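Before we start, here is the structure in question, set down as structure tokens.
Going by the order they are written in, the chains are A, B, C, D and E; count residues from 1 in each one.
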Amino acid sequence: MNGWLLAAAVLLVAGLAPVLWTMAVGEPRTRLVAQNLSTVLACPVFLLAAQGFGRPSYTDLALVLAMLGPAGTLVYARFLGVLPRSRVVLGTAWTVVPATVLPLCVVAGPGRAMAKLLVIGVLVVAGNTVTSAGTDRHG
Amino acid sequence: MSVLPYLAAGWIFLIGVYGLVTSRNLIHAVGCLTVTQSSTYVLLVAIGYRRGGTAPVFSDLPPGARVVDPVVQALALTDIVVGATVTALLLALVVQLRKRHGTVDPDKLAELRG
Amino acid sequence: MSRPVRLWVFLVGAVLVAALYAWACFDLPSFGGDHHPYGDRAVRTALAQHTANAVSSVNFDQRAFDTLGEQTILFAAVLGTVVLLRQVRGERRTDPTPAPVADRVRWFGVLMLPVALVVGFYVVAHGPLSPGGGFQGGIVLATALHLLYIAADYRALERIRPVGLYEVGDAVGEAAYVVTGLAAVLAGSAFLANVVPHGTFNTLSSGGTVAVLNIAVGMEVACGIIVLLARFLDQAVEIEETAEETGAR
Amino acid sequence: MAAGELLPLVVAVPLLGSAVLVAAGRRLTRIAADALGAAFAAGTVALCVFALIGVLEGPAVAWAGGWRPKDGLGVGIALVGDPLGVGLAALASVVTVAAFVYSWRYLEEPPPRHAGGFPALLLLFQAGMCGFTLTGDLFNAFVFFELMSVVAYALTGYRVEEPRPLQGALAFGIVNSLGGYCMLLGIALLYARTGELGMAQIGRALGTGEPDALVLAAFVLVMTGLLIKAAAVPFHFWLPDAHAVAPTPVCMVLSGVMVELGVYGAARVYWTVFAGPGGVSHSSCTRTLLVIGVATAVLGAAMCWQQRHLKRLLAFSTIGHVGLFLIGVAVLTPEGVSGTALYVLGHAGAKAALFACVGILLARYGSVDEYELYGRGRELRLVGVLFGVGALALAGVPPFGTGLGKAVAEEAAGQQAPWLPAVFVLVSAVTGGAVLRAGLRVFGGAGPRPPAEKADGEPETSGAEEEPETGDRLGRVPGTMLAVPVALLAGALAVGVLPGFAAAVGAAGDHFADHTGYLGTVLGSGSALSHVSASPHWTAAGVVLDLVSTALAIGCAALAVWRPGRTGHPGASGWWTPIRRMQSGHIGDYVAWALAGVALLAVLTVPGMLL
Amino acid sequence: MDEVLIAIAVVLVAAAATAAVFHRDPLRQSMVLSLLGLFLALLYTFVQAPDVALSQLAVGSAVTPLMILLTVRKVKRGPRSGSEDR
């Protein structure tokens, strides 16, 4: 019973399924927040899967998503004209991401793998801090 | 579980075609076409899966390991990128069609009849 | 046909196709089965060619002719979009006004651009080794360049992106792929044969022409998507119809 | 340079040409870009002819990348130089060169930086068609199928200033993309069952198993993609919309070759993959293709008679002829295949020439409407003659290749069912008659002037106020636009009269309709030709039937021109109107009919195979 | 455990595809499409296909939404230039 995959499954069911539900029924502003939240939650799932399957080369996926996720959110913000401030995304970014990256670093041990994990963690947190800070005046 | 991914691919294909048939906006129709397209990738990749196998990338794997089928992955990988550019071509047609017809509702396009 | 009739025609077709497809699914080997003869041959051949990523070996070595076709579809789609979205009579081009964007977002775009470019080149270069390759890396590079538009505005992007250069880059990527294939013929082997020595396993130069074709495809995909998005951005942001040209003539 | 090594070059040269044109396109003038494009296309024709000469004795196989199979099992892609395949590649290249020469002075001056756009797209189209005919791998065939489709969408919607081309191109794009995805699903099912992607390898692997629901579903899905490309009923709706609006040089290539490649693909996939013991039985496949073929032929001819827009009239006549080709293929005999091949060769020349003449009318008078052009074509004497000769060729007048092909295909179909030759005669007569009627009215000004406006207000696409594609109306018809139809009609004539040509096509038909022979050639266990049929030739019965259909065509045309009341001139409301209203131009309709078509294919193929 | 993850991902993909079809407004649909792309990437990772997942991530997260939204902007703007920002 691989604990990492179990954590990934929990993140999937508890995190991404509600995001899909809010995306389906919410109104524009909450849908943009839901889209932002989806990328924040997806990165840890990729990292957990990489560790769960025992394949460090899967972390490239999380690296690319860490970069393109916030970019995707900004694309929507540009066209909706507003970037809503959302504490949910900020809170998730600062809690879930470190909660997954740090144990993985401990397991990976010092070296190139840990450096990569830390870079991915920093990218996710920084990117989503920017997108969740929001712009108050109408874009 | 032995047939769930295949049936899911079939469901995605039919729901995509349903969207195409009942669409009232051509951009929505092109979006439904991408949904139909993704059903082919789900089927392709599901066919290549081998229980207990891992990805056939041997940079961090001993050569004798039990791996899944790389051929379907190669087919799906190129198709996803190419499908995006074909979608772009169809969206370009929609942009110009809006300019010339003034609408993107297929019901209001009345140029070619009979 | 009226909408209800169309729906009925669809439903009849859908029910029968669903029945046919479901019936066929139960004849398929069960999900996760062990019968993958072509896959096993492909993995053995990839290891023999010293290419660590078997998927890249299938894509750029064993079935390189397929990838030539796929890449040409991408080249044709980009060329088609360029031809379709050209500026016609009665349309004028206005220069884009700077968009009001929060400083944090603008800084994010400027700082993330180099990082994204590095990651994009990494994904292209490590095609034969780790997951990735020309196709994925090319898209990441194209998106990286457009961070300037996403985070800042179109004027910032246009300053550093001469579209003509990227159109030539797109064509050079396609031509490089074909020329590599023809070079193999001139070297006496078959079209698109892997004639270059395969190098040592799991190093950047391993896999012979796999690395060369990877870079050619990466260049073509990156330039192609940039040209594609450039045409869409021009239409959406700059090109407008002059007063007398109404939408529905 | 063995024929085998030439095969990949036939695809590589146009690709290189299009890359060079796009790279240099920004600085080239219009004339230089067209000349470069025509040069690359002509080079490919030369390569095709060399390969054809090398392949006449027997099919050649080239393994891309040198990946030859070891004891029957391999990882590479096979390019099979079958005489029929290479012949079709040569036909595609010749028609592309004709399109290049025709569009030399035809198309409007492109914007300064896009001089290389149109020629590069034409070269990519040629590469896609040549690749589709030469490949021996099912997924590779899907890739070239997609390449042909993508380039055709862009070329059909080329005139973005007009509202109609965009609607036609988008309908074309969505329906053909859906066909491509169906084909990919079918290929995935076959790969799951056999673990192979090459046509010969799948055919061999299916031979060991029993035909079951998976083989049926794979057959239906792959055939759907190919029949959508071939514009067979009920997948045909996109063709008239796309042809009515595409620039004329593109129409020549679309109607002349691309649609016929759909029929070629269907025949090739059946003969190599599903003709073995474990695949779809001959009776099931014949029943399916026969029903689809007859329906396509009859509907195409009837709708063709109703049209007043000249390009739509020619498009529906193409659908009618595709129905005849499907019948010729459906009988699954070497004679049927060689007869259909001759018919395709002759039809390509005649149909492309007719489109060229309509292009001249559009360029000169800015209209392609039969009523509005009434009597205005008198001054274009040569174009009128060419139009009449083309119409007679469509009707199958003896010395032409269409006549020979129709005669041989009729005789082969006659062995399957006695009433089939009647379908051949009637359909070719009605389509030939409709074109002749239009010719008489436009070029001869014969009979009473048809009513300008339609009586019952039924919405119908008339080609009245079309924008000429040459920017402004042409004063004098340039030489290149006249030379092309003459050359194409001469080609159609040569197919019928050239000694030895029919015999070579007959041999090609034997190689094509030979499942075990194909497997032997590709998989190395070469086996002799299993069945050598009598080479096709002019027979008395064939000539008589051809003359009957020509006479019928002339009769119909004369009746329509001089007695408009009786034969229900085009647009008259009657029992035929609901069928016409189905051609509604609405994308949702076309997709619904496409899915219903998949179900129809399944229902037609299932009896005798599984139930 | 792998099978459970695959099952969850397949259900999420099917649900996202259905949602994408039933959202008639293109802007809303493009958001659900980007979410569908994300779920597809997750499914491909659980089925041990990282290359395909990387391809889907790269295309689905920024390129396709950008194209759809640029088309929506051009369609909504109509012939006369609208007031929105560039």
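Assume a residue touches a chain if its C-beta (ideal position, glycine included) is under 8 Å from a C-beta of that chain, and two chains touch if they have at least 3 such contacts.
Note that the structure is a prediction, hence the values are computed from the model and not measured.
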Open item on the list: I need the common contact partners of chain A and chain C, sorted by label.
Closed with: B, E
- [ ] Give me the fewest steps it takes to get from chain B to chain E if each step has to go to a chain it touches.
- [x] 1
Open item on the list: Treat chain B as absent and tell me which of the other chains still form joined groups.
Closed with: one piece
Open item on the list: Please tell me whether C-D or B-C has the greater number of C-beta pairs in contact.
Closed with: C-D
- [ ] Name the chain whose C-alpha centroid is farthest from the C-alpha centroid of chain D.
- [x] A
- [ ] Return the distance between the CA-based centres of chain C and chain E, expressed in whole Å.
- [x] 17
Task: Centre distance in Å when chain A and chain B are each reduced to the mean of their C-alpha atoms - done: 25
- [ ] Among the residues of chain C, pick out those that touch two or more other chains and give their numbers.
- [x] 6-7, 10, 14, 17, 21, 26, 28, 32, 36, 38-39, 42, 53, 55, 58, 63, 66, 70, 73, 77, 80-81, 84, 99-100, 123, 130-133, 135-136, 139-140, 143, 146, 150, 225, 228, 232, 235, 241, 246-249
- [ ] Pull out every residue in chain D that's touching 2 or more other chains.
- [x] 139, 146, 150, 153-154, 157, 160-161, 163, 191-192, 197, 581, 584, 586, 588, 591-592, 595
Task: Multi-chain contact sites of chain A, meaning residues that touch two or more partners - done: 53, 55, 57-58, 60-61, 64, 68, 71, 75, 78, 139
TODO: Check the chains against each other and report every pair that touches.
DONE: A-B, A-C, A-E, B-C, B-D, B-E, C-D, C-E
- [ ] Show which residues of chain D lie in contact with chain C when the two form their complex.
- [x] 5, 8-9, 11-12, 15-16, 18-20, 22-23, 26, 62-67, 73-77, 79, 110-111, 113-114, 117-118, 120-121, 124, 127-128, 131, 137, 139-140, 143-144, 146-147, 150-151, 153-155, 157-158, 160-161, 163, 189, 191-193, 195-197, 212-214, 216-218, 220, 581-582, 584, 586, 588-589, 591-593, 595-599, 602-603
Open item on the list: List the residues on chain B that touch chain D in their complex, please.
Closed with: 9, 13, 17, 20-23, 26, 29-30, 33, 36-37, 39-40, 43-44, 47, 71-72, 75, 79, 82, 86, 89-90, 93-94, 96-97, 100-101, 106-107, 109-114
TODO: Sort out for me which residues of chain B touch chain C in the complex.
DONE: 1-7, 10, 13-14, 17-18, 21-22, 46-51, 55-60, 63, 67-75, 77-79, 81-82, 84-86, 88-89, 91-93, 95-96, 98-103
Open item on the list: So in the complex, the part of chain E that touches chain A is made up of which residues?
Closed with: 1-2, 4-5, 8-9, 12, 15-16, 19, 23, 27-28, 31-32, 34-35, 38-39, 41-42, 45-46, 48, 50, 53-54, 57-58, 61-62, 65-66, 69, 72-73, 84-85
Task: Complex contacts: residues of chain A adjacent to chain E - done: 1-2, 5-6, 8-9, 12-13, 16-17, 19-20, 23-24, 28, 31-32, 34-35, 38-39, 42, 45-46, 49, 52-53, 55, 57-58, 60-61, 64-65, 68-69, 71-72, 75-76, 78-81, 139
